[in-house]
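Both complexes shown next keep chain A, but they swap its partner, so chain B is in the first and chain C is in the second.
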Partner chain A sequence: MTKATDSNDNLADILAQYTCENDSLIPILQAVQQKIGYLPEESIGEISSYLGISQSEIFGVATFYTKFKFARSGDHQMRVCLGTACHVRGGGQIMDEAARALGIEAGGTTPDYKFSLERVACFGSCALAPVIVVDDKVYGRMTPKKVKTILKEFE
Partner chain B sequence: MSEITFTIDGVEVRTEKGDTVLEAAQKAGIRIPTLCAHPALEPYGACRLCIVEIEGLRGFPPSCTTPAAAGMVVKTKTPQIVDLRREVLKLLLSGHTSPCLVCLHRVQCEKYRPVSSKAGKTTRCFTCSNRDQCSLRELAVEYNIQDLDLPIIYRNLPLERTDPFMDRDYNVCVLCGRCARICKKIHGSAVISFINRGKNARIGTAFGRDHTEADCKFCGACIDICPTGSLTDRFAKWYGKPDEAPETNCLICPIGCRMRVKLKDGNHIASTMTDFTREARLCAIGRFVVPQLLNGPRRLKTHKIRIADGLINASRPDAVRGAAERLAKKAGDSFALVTHSQTVAEEIYLLKKFTNEVMKSKNFFIAGTDGEKVHLPAGIKTLYMTGDLVDGLAGLETIIIADMLPSAAQQSADVVLAAAGLTEISGSFTNAAGKIEELDAVARPAADIVPDWRLVCEIAGQMDAPGFTFATTRQIKAEMTQKGEAFTPGVMPDPSPLNDTRFLPRWYRGHLMSDIVVSLRALNPPEESAVQETTETTALSPFKVLEKIEVVANTHETTIYAPAIAEKCQPGQFIIAMVNEKSERIPYTIADFDRANGTITLVTLEAGRSSRDLALTARGDSLAHVAGPLGMPVEVKKYGTVVCAGGCYGVGAILPIARAMKEAGNRVICIEEASSHYLLYWQDKLSAVCDELLIVTKDGSAGMKGGIQEVLAMLVARGEKIDQAYVIGCTFMMMLVSNLAKELSIPTQVALNPIMLDGTGMCGACRVSLEGETKFACVDGPFFDGHKINWEELMSRNTSYQGVEIEALPQKGVKLAHTCRCEKNRH
Partner chain C sequence: MNFEEIKRNAIEEWEAFNRLAKPRILIGAATCGRAAGALAVRDKFKAELAARQIEADIYEVGDLGMCYAEPMLEIGVPDGRRVLYHSVTEEMVSELVDSFILKGDPRKDLALCSFGDIRIDGIPAFTELPMIRKQVRIVMRNSGIIDPTNINHYIARGGYSGLAHALAMPPEEVIQEMKTSGLRGRGGAGFPTGVKWGFTRAAQSDVKYMICNADEGDPGAFMDRAVLESDPHAVLEGLAIGAYAIGANYAYVYVRAEYPLAIERLVLAIDQMRQFDFLGKNVMGSSFSIEIKIKEGAGAFVCGEETALIASIEGKRGMPRPRPPFPAHSGLHAKPTNINNVETLANVSEILNRNGAWYAAYGTEKSKGTKTFALAGKINRTGLIEVPMGISLRDIIYDVGGGVLNDKGFKAVQTGGPSGGCIPAQFLDLNVDYDELAKVGSIMGSGGMIVMDEESCMVDIAKYFLSFTENESCGKCVPCRMGTQHLLGLLTEITAGRGKPEFIGLLERLGNTIRSTSLCGLGQTVPNPVLTTLKYFRDEYEAHIVEGRCPALACRAMISYSINLDACISCSLCKKACPVKAITGAKKPAKPFVIDNEKCIRCGMCASVCPVGAVVKKSKGRVPAAA
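Let's look at the complex of A and B:
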């Protein structure tokens, strides 16, 4: 993932890669989020003019998926699984520890924009429960102590 | 198209291939209940009320999205389907504000309170402006829903009323999606859409923007297609269900859109599209502004005539005679008549004929629709104009104005005639496309008010001029046709106001419409910005609002710095507050007081214009004035067992009484009544000052099911001896409780809330009858013996000004100047 950039970035280069159809909406949203890190208000306006879909409708689609964000998030996404298996094996304590270590609640971002913390419902890695995923790397059989070790990797 | 045959409920039906099962059933006259379906919209399948059973198909498919097929065997009314539908309906109602639907006192309520009570947020049917046009309510009755056994969820979303013309309360929304779908159908791209998901799903705009910022055209289709009271027309909402809906054309601009005129007692309260299509759409002026020009509070309703230095009200015959007298001997080119084009051809013809033939003048002018005033040629001494159409009235000797709206020019007029116009007049209108429309007068103006052409006929009659004995516009048209008068079309506005609110018409009869209908300024910003002044008040100025919260929906708790009142007030007393210098003075019971900090606390409902003013105050504002403490305190002594019962705002008001009774050594039982659990508040405060707190809700979602009277009956049944009861709440509730208390011989004091002006016993507006004896609630009350009150008289007195209240409401609360959205956008 690239670093968060100024929200005034021109999206022309992204939009040019997609056809002007309703079907392009989600791929465009993904590409914009990939590039900027979130969906700035101005980008919704640009996508709206390009596709001819109203901003409200685009906002409706984007708010349906938890993956899309409207505020700048951290450089690293820490996702703590609280699905059934992880929950049973103490995912809650892992979440508490992560929140304490980062000093933010689930859904929040650290003031230095280094980390965002999120809870997810299942990664499909139940055999490794409880699980934390940072960006694309999976950390299995977590214990509260291991949370600090993971954070050190990113210092 | 080929036809197919299949059976519904054992009846063979024929329908066109491609029809859905629902469409086929409707064509065959078989009723299947629906909510999200609408003839103007594509099938959607959101509400699941139209489920049916189809042989060979698994489950219960919705008939609206299931195509009919030859040989199908459909059942719509099996006991299982009816049961399922009832459950679907309960699911919908569990997220809607439905306590009134299952209330034990519903029949009495509808008898004594036939119209909905005005409120900000809709917390139940009784405070819902859509009560008598609600599909959900009709279905609940049809399916005999007596109990809501699912959890009742109130989302407590903020009321959205910063946009012009509409109020949006998504707490009542059932997510049928009709509004978003019709918006997309008519405008191609939807201003509103489903946002978020799961339990947070709602209708909204991108980033929570106002509709003015989201490119809304304010065609009003969303309001007109909403099956619930979520989306409402701020002006029309409290008039109740329209009783007629004839059609006519809009006369404001040359497009001349056809519109359906919603009439209530002959008053044009709303115009809607004749069809939910793009072609039939209306602009904000036709949809919302025309009704407010005709029936807003600024409409001219009386004729006026100048006597010595001032204008006085006059009857139409007197005003017409006055005009005729002033026009006599003024014939010649020193007379000018100025009219406007936003009317029918017959009227323009007749005014011209009057100018030429009666006044023998060639000075006849038609002002443009762009607001530019006519400059009179030199030598004009006498003017007749049908609006605010002329610049420079100085030097004129005689001015006669016929108009619908007030203007500064009327101050210097000799005669002001109140005229009819727009949907109140009949005649011919040639639209920009050249088509001549024959219009019928559909709205009925107030008595004594007639169209301009009739006023001129009457004046000419008084002047003994021949040729003005017309009874109808048809007769005028016949004369016009005979003389070969041309019906010239107006010029099509370009760009069209239908596509862009920036190009909405701005003027009517020379009046800037946004001066009359103030909320229009949000769309047509005036040249000089109307920035509202905010004055920062000093640290502890008198009547400063120290705390203001919406304690539960539509119920506001306001703590005011008023040390003199706090020092002297006793339980049961009230104050009279003026929110600003132009507000009404409204009495409110003191819900709590703090002598040490010099504060009093009010708990108020938003129920009309003045209470809305109070509801819209914020911490740091100051009220213009608070007078009090007023009224007689309750008699605090040891009775034995005292019941203190409150409903709605009365819950707040019983607190100081309960506390005083407890301190006096009584056993205190508090009863808190609310329609549903989401309207309960202050349980902790009440618990602290009583021996027992009993909760009762109309829908049974918390505590007992029922009202205070059911609790009283229960207390008596369990052997409780009640020595004294205090009941505070709405008049209807106090009546029901008093009637039962009388039967049970429980001494009962109720706090009455009649219309009150001065609060000191001078005006007599608050008089109440107790067994034939007249008392004033302000000085003898507010507490009276509930057994003795003439309730019917009290209720009828309280509704005396309902009409005026409706007119006074609409403009309040609209955001006219820029407000920063920075906070709102932060996620």
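Let's look at the complex of A and C:
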């Protein structure tokens, strides 16, 4: 069985959980991304025929929200907070150091698909600024030095 | 079971919980605590107690708001003494078990305060702490005190009594109670909640909707997150009361995806509501029915605006539309819809439990009650606070917040997030309420309060906010879409040392145009960070433009680093830390450490690792051109 068919099978399972109305679009996109890691092009077609919404409209919605991705991202998501509190307390330096350590820019993924690096506007952990989040784990009171230590945890 | 029985059971459980038959450990495990390592401390505690075969209960509680002291935990022992410990490390755990649980010594040296009725010599009580003394906690009434996953704790402390009271009243009376309370929308705009409910109540329709806006998008604000994580039922009860008052049977919580723990707590809480008959058909045996759904946001700041939020729930691009029609007449699926913010709703449940007049006794003439603020930035005691409206900024920053970090000079406090402004030191005695903040060009906003010291560059801060809003502008209306780009462009030029004198006037003109011509609240407030900094810190703009100097030593294009050889101890840490190998020098044979300014990218790593502060930052400015 090819990989594409696999993802289509997944998709049928997901779609079956949602009612056929416009309100379901964003929850479906979220569920697809949760399962596959991003929104493959063929998934948009499937969702389109299920909901009866044109592909261009779905693409328009998906691109509006920053959470949706259209290409495979890394196994681990490193998200550097650049909210106001983090900015004031040196979040920019943490971002620079993370970019240097991973050898990619914000928004990029390492060639081995191990890490993706993102900037996030605020995690709401401002009191522990600066903050980074790897997958779902929050690291507070960051220093540029700690970036490498954290990366080591994932080796 | 009727509500009276439910309540009796809940109180019994709560009393048993506080009887401390065996040692009890409460760990602050909201996101803040977790980020500081609370879960590792919890696991260590479990292991330690198991190894020594001590029977004890461990519970995870929410956020007491003292994030600076995380991880925190409270230990209660069977003689009734309860002590809160701060900055707990894994290493401290066995010591605490040994001293307090086994030997009864509360360890004054490690304690932050005592809790409950029993005073302990040499340890201040929680309510006497400088950070707590001036606070009045209504929204945060249960935060960090109850187990947020246990609905009985919430009920025992008055929870769902407000809903019970409301259901016994005609909806119009509930609305009147809200009007009496004087509560104004805590999402930022400050519209009176009771009046808003009245509009939706008056709208004729077969279907109406009630929505909780938990899309807390302002960078620097985390009040809503903390409340949702620490006391989810307080918000859901308020939502149910609001739905009853306006005549809605469907409600949504629109919560941002960046708050996974808050979502987890909401899902569980909604489940519990159903079990207790607080949700579904015939709530508490009344004729009122309500269903609550959670909608997860997908990352768009503008969805905090109510018409954009509605579009997002409908599965569309989250773009605002002109009002009128207001959502009260035509909102979700073109039906009358009422939207309230998390904090507003957490107040509602307590107002209906007590009464409107009780709430109105707090605050100022036009801003009643309390307000939560997220204190962050360059301040000693970062965290979440709840103070009566009308308290002075000075009280908040110096008494509650413990003053500016490292005793540096206070420069400004930023309130209201990207829609707000920077308030300078001359207004420290301002009494914080909706109107006073508006008078100085800022807004209450959702309650973020970021303190800035002399090292914060105000031009850089304005640029920071504009880069945020430029990115988040939905692009629908030209003033906001193009205006934010131009503002950001001008600010970038200034911080890069390429500013021209005419930029200042241009920024002001552009800002005023965007303010008066944008479609929604986002665009209309976008220029605030620029206009307030221009008003109060014009000299900083001028220093950048005219002298090419950044007085706060923050703008990279205008600073240089050097090593003060008199202080340097030749440890070579800076050389190791430099990512671009711009530092040369050696201990043996002795060669002085120097930074090559051509190679230096001004990342500041050397300064951050230097143990003796020998790395110096300067902003010399341009050599004035000969006349």
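As a working rule, the second predicted complex is superposed on the first by the 145 of 155 C-alpha atoms of A that agree within 3 Å, B and C clash if a C-alpha of one lies under 4 Å from a C-alpha of the other, contacts with A are read in each partner's own complex, and residues count from 1 in each chain.
Following the convention adopted for this analysis, a residue touches a chain if its C-beta (ideal position, glycine included) is under 8 Å from a C-beta of that chain, and two chains touch if they have at least 3 such contacts.
These numbers were taken from a predicted model, which means no experiment stands behind them.
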Of chain C and chain B, partner touching more chain A residues: C
Partner chain(s) touched by A:Ser54 [first = chain B, second = chain C, both, neither]: first
Which superposed partner A:Ile44 touches (first chain B, second chain C, both, neither): first
Which superposed partner A:Leu29 touches (first chain B, second chain C, both, neither): second
Partner chain in contact with A:Phe64 - chain B first, chain C second, else both or neither: both
Chain B and chain C contact sites that coincide on chain A, given as residue numbers: 53, 60, 64
Touching residues (chain side chain A, partner chain C) in the complex: 21-27, 29-30, 53, 60-61, 64-68, 82-90, 93, 96-97, 100, 120-129, 131, 136, 138-141, 143-145
Chain A partner contacts - residues on chain C that touch it in the complex: 31-32, 34-36, 67-68, 70, 216-222, 224-226, 257-260, 295-301, 312-319, 374-378, 382-384, 414, 417, 448, 450, 452, 456, 461, 464-465, 468, 472, 474, 577, 579, 603-605, 608-609
Chain A-touching residues of chain B, taken from the complex the two chains share: 184, 189-197, 204-207, 214-215, 825-827
Residues of chain A touching chain B in the complex: 41, 44, 52-60, 63-64, 69-71
